[in-house]
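Two complexes, one shared chain (chain A), two partners (chain B, chain C).
Coming up: the complex of A and B.
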């Protein structure tokens, strides 16, 4: 415990120089944790929204279904097999039928995805209850993005044209029963939801669907021929990738800040070793070995990060806690981020993030502190006592 | 009889390169010191006084010849062994005091004990005792910057003596002190020599120090020119 005690004493004894370094380093701490927690919050929020509104516990896809290939959508449907139908009957899954269609809002042609869903389902958090057909008109549910881009609003009628199972074109008017506000663009943009049974009837696709969404936390996932189960891991891979990409981009800012702090510590170390040669010589004369002196100086540098962690905790914890409660009101246009975030972004702090940041900064600071001390390894006591570098 | 020598040097040579030539800082020095000596190396600048102290203090190694300190051959010691020898057996007093600026007087004196396996209680006793010896117990909490030159050197003496080493090497200990402080310091060191039996070896050309010596070794051009026992000419306080 001698070396840490001496290192702390020396560090505190250096006064303002130490505190300047500590403040800059503590800013790095807070900023790293803040930015990372925002990205983590962003990822978590986007994933939660996707799970809640679109994926639930995973999806069975018809073997031909590929959401990224609109040209094959018309053939990507089939009769729901018994094992999956049993789950639907038990309320543990809900089928969705997807096909390509065309609408003509205000006389303009627009290609859309027409999706059929049970109005009474509760597997995904879509306001499908508004699809309960009360009159002759087919009720339709659209998202706010779709409404904006197509110029549609609640109560509007719009003509939808599709090709049925036999390849015959057919068209009907649907009435916009609800414009839903959702953070998940993939259930909104370019899509119109109508009651599943109605859609099946219109398209001559009795008991058919393109995908089946299973309830959250469903453990029993039977293997069914002709249908592939897509786990959440698979379904959320894109978001994971996007968040990773954005996190990497966001890291640049704190890497710069960390670099500045490290430069300051490196500079302090170099200066310290240059100015304190006589002190080193004295320590050697008193029986310190060179390795002990290297340890002492390295620890002095590394302790900047320990002090910085304490300082960061003093002002950072209240700030981060406050921020986690109030969140960050997102400006308009954040849909362009590539995933839904909602109106506010809430940071998510994890033990791993905080401990990881502390370890990262401590490690980098220790390395930066150690590098200049290598000169001491060649220092002769007699030269040091004369204030010379060997 | 030979075994009773605390320090024994034989044909001690130390050279430094200067361009294509070699400078002989020490050139065949044969000197022996017994426990309890109060001896001084005197001579003009460049005569090899400090080099001799550095070698017997295991801060440096000889170019050739041999220096045996407390039974250890300096030339054979590794860096760690040399550090251990200094820590256990040798105290240093420097011309410029060399106190560690961020530590208090107490901590400066304690510093040398930190590497010895000693309890905090034991350390405290020893530090306070050393500060009592040099009459600075009341300044234990002061920083070096708050001390006068004489007080600083007394702290350095306390730091050298606190571990009760066998040998104290003092390189021009009075060079930065006025006469009164010089005599105070020398009185203290002589007292410690008498009471603890510590061997003091000085490198000096200060007449005030020479008056205290019981053995004077004159070095000229790295060679022993004269090695004489002295009758003490001073009385306490430096008055003749």
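Coming up: the complex of A and C.
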């Protein structure tokens, strides 16, 4: 117990030099936790939004359906098979029909995706209830991004042209029943939603759909020929990958900061060993073994991180708690990417993140503190007492 | 009394005869239209003037057509588009761009995209259908269009895979050439119009040589089409309709 007490006494005795190192190291602590929590928050927020608005518990895709290949959409539809239809009837799934179409807002031609969905569905959080057809006009739902780019607003009529199952052109006027504000761009940009049954009738695609969204937490997922079930793991893989890439990119910054802090600790250690030779000689004369002295100096260095953790907690906890409540208002236009972040980004802290960061910094500081002390192993007590390094 | 009755009967007969003047069968008229313009092989040179929002531009091209399924087009001008070639085999289309030295395959929905911002889709640009095989025709009126007496025909799809569900065409009574055409969606909405501005006598047939295409859903003045030369029943080498000829 003498070594830890001695180490702490020496460390505090060093005064300003110690506190400078501690402050820089504490900044690393706070910044690592802050950045990591932001990335985690970004991923969680995007995933939650996607699940809530688009994916629910996963999707059955028609075998030809590929959302990234619009050229195949024409053939990517089929009659919903019985096992999936049963789920739809029980309210555990909702079908969506997708086709390419053209709209003519203000006489300009624009290619879009026309999507049909049941107005009464509750599987995905889309305001589909506005698609209930009351009069002659076909009601249509669009996102705010689509409305902005096409110059459309609620109540506007727009001509939509498409080809039915036989390839014959059809064109109808649809009325914008609602402009929805959603953080998920993949249900908004370049898309128009209309009532599914109406779309099926117009396209001559009775009981057909391109994909079927399954309710959240559905465990019974039957295997159906001609339809592939895409789990959330598959559907959210892009977000996972993006967050991983961002985290790796962001880690460069805190690695840099950590390097600066470690450099300061390394220098401090080198200087201590150089300036405290006589002290080491005296200790050896008093019966300290070399390994004990190495332990003492390494512990002195490592204790920087313990003090830094305490200092970081003093100013970091209030800051991080405040930040988690207010969030980070994203710059205007960020939402247009459709990543699903909304207007504010909220960090997510986890015990694993905090403990992991403390252990990482402690480990790195201990290693860096130990490296210069290896010289002590070759130190002769007589040389040390005379202030020489052997 | 008998005299009055006789005069009355004569009047009724004459009036009825005037109202129900014989109109030819629609299918017969349509067949004559196809016969006039139809040909197994055609080689033509034409100029397309596209009137856009920021002005007009023209594209000159040479086309080789064989039946309904094969066609090959090469752009001759402007310099920026020169050397661009399009090959259509059934419902597939390949475009070769000399600037990138690449061939792109276009199919499905892309075939409905506009050709270089014009009012014609790739399908419209390269189609040459025999209307009598695709539509039931009915003569519904006779009108004078561009100072020519015309039969007005309503065409309704026979039910096959066809782009336009119905069409309305104005056929010159003497020359059996379509002078105006309206193409409709299934809902009855007018999608495109085609108006012939000039007809010329070529190889003993009446051929439209100046036409205006207009996408009626789009704003603008439409796209003008000038046929500079055409050779009907031309001798076309089979290798023209191969992908290898795109890069030649």
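Note that in this section the second predicted complex is superposed on the first by the 386 of 390 C-alpha atoms of A that agree within 3 Å, B and C clash if a C-alpha of one lies under 4 Å from a C-alpha of the other, contacts with A are read in each partner's own complex, and residues count from 1 in each chain.
By definition in this document, a residue touches a chain if its C-beta (ideal position, glycine included) is under 8 Å from a C-beta of that chain, and two chains touch if they have at least 3 such contacts.
Computed from a predicted structure; not experimentally measured.
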item	value
Superposition on chain A - do chain B and chain C clash or fit	fit
Touched partner set for A:104, first chain B, second chain C, both or neither	second
Partner chain in contact with A:375 - chain B first, chain C second, else both or neither	neither
Partner chain(s) touched by A:168 [first = chain B, second = chain C, both, neither]	second
Touched partner set for A:278, first chain B, second chain C, both or neither	first
Spatial angle chain C-chain A-chain B, Cα centroids [nearest 10 degrees]	150
Touched partner set for A:198, first chain B, second chain C, both or neither	neither
Contacts of A:2 with chain B and chain C, given as first, second, both or neither	first
Touching partner for A:216 - first (chain B), second (chain C), both, neither	neither
Chain B and chain C, minimum CA distance [Å, superposed model]	76
Sites on chain A touched by chain C in the complex	70-75, 100, 102, 104, 106-109, 111, 159, 161, 163-164, 166-172, 202
Parts of chain A lying in touch with chain B, wherever the complex brings them together	2, 6, 9-10, 12-14, 278-279, 281-290, 292, 380-382, 385
Chain C residues within the chain A interface of the complex	107-110, 112-114, 157, 160-165, 185-187, 189, 191, 215, 217-220
Contacting residues of chain B [partner chain A, same complex]	54, 57, 59-60, 79-80, 83-84, 86-88, 92, 94, 96, 98, 100-103, 107, 111-112, 114-115, 159
